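Two complexes are shown next, each including chain A; its partner changes from chain B in the first to chain C in the second.
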Partner chain A sequence: MKTINNVVCSFCGCLCDDIEVNIENNKIVNVKNACSLGLSKFLNYNKHRILKPRIRKSKEFVNVSLEEAINECVKILSNANYPIIYGWSNTSNEALRVGIEIAELIGGVIDNTTSVCHGPTIIGVQDIGESTSTLGQIKNRADLIIYWGSNPLHAHPRHLSRYTALSKGRFIKTRKERKVVVVDVRKTATANIADVFIQIKPNSDYELLTALRYAVNNGEIEQDEVAGVPVEKIEELAEMMVSCKFGALMFGLGLTMSPGKHRNIEAAIALVTDLNKYTKFVILPMRGHYNVTGANNVTCWITGYPFAVDFSKGYPYYNPGETTIADIIARGECDAALIVASDPISHLPIESARKLSKIPIVTIDPHETPTTRVSRVVIPSSYVGIECEGTAYRMDGVPLRLKKIVDPPDGIISDEEILKMILSKLKGD
Partner chain B sequence: MKILIKNGYVYDPLNKIDGEIMDIAIENGKIVESISGEVIEIDAKNMIVMPGGVDLHSHIAGSKVNSGRLLRPEDHYKDIEKKTNIRRSGVGHTIPSTYTTGYRYSEMGYTTVMEAATPPLKTRHTHEELNDIPMIDKGCLTVLDNNWIVLDYLSKNELEKCAAYIGWILNAVKGYGIKIVNPGGVELWGWGKNVKTIDDQVPPFNITPREIIRGLCKINKMLNLPHTIHLHTNNLGTPGNYRTLIESMKCVSDLSNGSIILHVTHVQFCGYKGYSWITLSSGAEEIAKFVNENKYVTLDLGQIVFGDATTMTADGPFQYILYSLSKNKWINSDVEAETSAGIVPYRFKKKNYVNAIQWSIGLEIALLIKDPWRVFLTTDHPNAGLFTSYPKLIAWLMSKKAREKILEKVNKRAKSKMILPSLEREYTFYEIAIVTRAGTARALGLKNKGHLGIGADADVAIYDVNPKEINPSKEYKKVRKAFRKAAYTIKDGKIVCKNGEIAENIFGKTYWVNVDIPKDLLVSTISEVKGKFEEYYTVKMENYAIHENELLKSAPLKINSNL
Partner chain C sequence: MIKVILITGRSLDQGTSKSIGKFSKEYMEKLAICELDPEDLKSLGIKSGQNVKIKTKYGEIIVKAIESKQAPHKGIAFMPYGPWANLLLGSLTNSSGMPTFKGIEADIEIAKEGKIMDLNELLEEKIGVI
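Entry: the complex of A and B
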């Protein structure tokens, strides 16, 4: 049996890098330090694998060679007028770099899952900026921790113990030295361990954020309550914010996906920016998939924009709402799709998913998903961080190198290698 | 590929060649004595031949640069690059995408660029972007002055261990040198505070900026690094800060035995006299006097160019001041146990009193410092201006008339306070070659760059301007045009640009220093810091290190330390 230390967990945006894995006969037999989500990924990644490339011929899937699958993919992509290339939050930066070159070459649209989760966060930042930091600043310094519209105990189980409330830093060493506040529409598991829980009326984040900002800047709120929260409580929270030494506001989809979307984010950012007049305050989005942050970064340095980039004019063009895949599909404009490490059929609105399933789809993925089932071509790939190396970015932008700890099944190669084969065929090399 | 560049006017200051007509022979990516056989001949008659440009301070890659790109979609819309058979597409303007960055440098005849500041924790990101910048050789300077483990060691005066740790970091993150950014002030910014003088205490480290600068200067020598410490001073962008600059330069004076031991970067931003923005004036005369008298310092300008810029530095508190003044969008991004970063879009306006004074300071310093080997041309891209404005700067340095053209349009009150209108000096082509390539290559310690001697890297720029016929003072527009688009750029012995157009898409090397540290010292230091590292950081020490194979073309410089 062999033990590998300091393995990075490629499940959620926490990208915990202290996992210990025991391997026997190329099998993961034991995992230490991971949370239940990470553990289940390490132990179950091998279930529901696709082991052979396949092509849909008439109605049936037929197993084919990798080369045949690549050829078919190239045929579909080169015949398309307006193809979309989508996914990327569950694969390496290296794979995405090749994906972007493919999109540029064929004049398609490249988009990542940001478009359906934290897109409003990015638009909020583009509008007014943000005061942020790496998670270690929070661990070392934060005496006030606020989770807004996110429930890390369920979605990012080790976030509190590694980076925030329960972590031990240089200046702040214990839970007692930190105040934890949860703002949510219901009493979540995280709310149960908070010092202050503020239950907010659904869909009224913007109002509460605006009221808080007003209070922080010494305004007197006239109403008795805002967003279902009594004014005394708002003033109390504003006071906590102004008088802390280092505050951190972390928000999730509860804020990005409720009505108001990027306006909510702007309100939250503006509040945090204002707080820097009085103390030190940062804001961080709770990014879900392990490398969605990397996907934004790579797309941004190559094209100038973090997602939803259209190459149909021969140069990068970005206009969320127009060049985001959900909108392109809804308008029925795309005529082929390359999906990498993602399952849009499950997470797009049902109408869009139906439209997507009507066009030829090529999917590259390690395992079966509703998207692979409706695809024309399916090419299985290896798991980044388990069966192959790759770079990924933690939710706060800290880049980490994911390791290869076991061999992939026979004949299975990485997303990056598959995409390079496609690219080179498309170029006619 | 063999190339013979024939009959050009060669400017090669490191070899003391000042506009002589010479042939330059290239074989296997190097300058050689002579070549025969099948040769590509370039007729450089009536043209200038120089070593490829070397930029020692520019922000082109890494998390701060990319946050700037993300922040400013409005910046990209108006400046696009289409894909061609040779080049990748991209966007430009103040913060170009990676491919566009490489192409635009190459089009101007630049062949080497140093990214000016990267926090170790995020340097993997910097290298990923450098991997995607074509055409040029590159490297990155590592921000180390507000690093907790470094501060802990410095405050205990354990210099040897500190040197070993810094050597380890440079090896681990593939960095090129020691960058200092507002020493002590950026650590305090972790609490929203800053320092005001180089003798302020930085709690809880029990250390002052002066001690940090001195400590790192000593360590730089102990490690025998090719470049000196690279200092962004305290109080950047604050009226009266020329005093801080002079204090900071003075504070290491006893550490030099005649050699150059300090580089102060974007000196324009620390050349302010006066007590407020209203009374702002230029500290150029005092600064130039000091530098003329003290040979151990080099500077680069950080010259203002009127128009759009995106300010971005690791100096978080400075960026906050700029945000408070401008009310433009603001990004702040602190990095645990290391540093910070701030970004604010900015537009420099001729009619603005402060901006006009800032513009004059850079040029005054460049014209008042006598030795061009110690003052280099930069805009601190994209802070004071864009690297694509270098041809404008060259024209300003070479032509009083070009400066007067601008002076006619700047804020009147500012003009009345400037000494710039009285400065007659005009740079020669030889001096331009020093401040854009020979001097910068020498300052970086890149021995095969910045000259055209036998064995040098075959990085060459050819500009279509006849130095014997033109009068740059009058015909500065022709000079500007020639430097904007090189007639030829040759990189590693390949013709990569022709008539200012990309002819071949190539990838350059990434330089980093591979410092040899005595094994015992290294092992004992690492085992000592390991526990602390895991307390301060949120990643494991093993995962902090970058493997050489993560760099597209790794070019380590083997350094024998004096440890």
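Entry: the complex of A and C
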């Protein structure tokens, strides 16, 4: 049996880098330090795998050689007028770099899953900027931790113990030295361990954030309650915020997916900006998929924009609401799709999923999903961080190298290698 | 029938069952559900584990009602992200790029007939996968 230490978990944006994995005969037999999400991934990654490339011929899937699948993919992408290239949050930066080159070459739109998770966050940040920090700073210094519209005990189970409330920092060492506040519509598992829980009415985050800004700036709110929260409680929270030494507001999709969307984020950032007049305060989004932050960074270095980049005019063009995947599909504009490491048929609203299923789709993915079921071409790939190496960005923008810990099944190569083959064929090399 | 605000979101069970496989029994059991406040279950006259029909202006689906462990949240129904919840959502983003996955008006009633679709049935019936 072989033990590999300091393995980076490729599940959520925490990218925990202290996982210990025991391997026997190329099989993962034991995993230490991972949360239940990471554990389930390490122990089940080899189930429901696709082991052969396949093409849909009339109604049936037929197994084909990798070369034949690549040729069919190139044919579909070359014949398309407005192809979309989508996914990327569950693969490496290196794979995405090739994907962007493909998008530019074929004049398509490249978008990542940000557009249906923290897309509004990025729009908000682009509008008014942000004060941010690494998670290490929060661990070492933050004496006030706020989770807003985010339930890390379910979505990022080790976030609290590694970086916030329950972590042992250099200057703040114990749970007692930190105050924890949760703002949510339900009394979540995370709310149960908070010092203060604020239950807000659904769809009214903007109102509460605005009221808090007013209270922070010494305004007197002339109402009994805002967003279902009594004014005394709002004033109490404002006081906690102003009087802390280092506050961190971490928010989830409760803000981005509710009505208001990027306006909610702007209000949250504006509150944090106001707080910096009195103390030190930072704001961070709780990013879901392990490399969704990398997808934004890589797309940004190469095209100048973080997601939803349209190359159909011959240069990068970005306009969320127009060039975002959900809108392009809803308008029925795309005529082919290359999906990498994502399952949009499961994760788009039904009408969009139905429209997407009607166009030729090429999917590169390790395992069987509803999207592979509706695809014209399916090319299986290896798991980044388990069967192949790659770089990913943690949710606070820290890049980490993911390891290869076991061999992939015979004949299975990485997303990056598959995309390089597609690119080279498209170029006619 | 009760009127609720539907929130879709991540759950620990959704995350762990996703890794077991999208076509696994576990994934369906953890996703084709709706978490309701105990008082809302009482208003519907049902117990945790019975089937309900959820309807929005975009679609409807039968899922299993589960008594929420994250109550109280009277008037709020929670469904994990995934193919079942997405049958209830609209595509429009109001020029934001983001469909509204949270905060949707919905009606919930007891499902006297009909059953919970598995993922293959859902794909065949709602998406048209052959």
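Here is the rule we go by: the second predicted complex is superposed on the first by the 429 of 429 C-alpha atoms of A that agree within 3 Å, B and C clash if a C-alpha of one lies under 4 Å from a C-alpha of the other, contacts with A are read in each partner's own complex, and residues count from 1 in each chain.
Keep in mind that, in the parts below, a contact is a pair of C-beta atoms (placed from the backbone, for glycine too) under 8 Å apart; a residue touches a chain by one contact, two chains touch by 3 or more.
Values in this document were obtained by computation on a predicted structure and should not be read as measured data.
By the document's definition of touching, of the two partners only chain B reaches A:318; chain C does not.
In the superposed model, A:360 lies in contact with neither chain B nor chain C. In the superposition on chain A, contact of A:373 is made with chain C only, not with chain B. In the superposition on chain A, A:247 contacts neither chain B nor chain C. Of the two partner chains, chain B is the only one that A:128 touches; chain C does not reach it.
Chain contact summary for the complex, chain A toward chain B: residues 5-6, 8, 17-18, 93, 97, 101, 104-105, 122, 125-137, 139-141, 162-163, 168-170, 245-246, 273, 276, 279-280, 282, 296-298, 300-306, 311, 313-316, 318, 391, 393, 397-401. By the touch rule above, chain A contacts chain C in their complex via residues 11-12, 36-37, 39-41, 43-45, 47-48, 59, 115-116, 119-120, 123, 151, 153-155, 157, 185-189, 191, 199, 202-203, 253-254, 256-259, 261-262, 288, 308, 320-322, 324-327, 329-330, 343, 345-354, 357, 367-370, 373-374. Contacts from chain B toward chain A in the complex involve residues 61, 63, 65-66, 69-73, 76, 80-83, 88-91, 95-99, 121-122, 124-125, 128-129, 132, 148, 190-192, 320, 323, 329-337, 343-344, 535-540, 542-543, 546-547, 550. Every residue of chain C that touches chain A in the complex is listed here, in rising order: 5, 7-12, 15-17, 19-24, 58-59, 68-73, 76, 78, 81-83, 86-103, 119, 123, 126-130.
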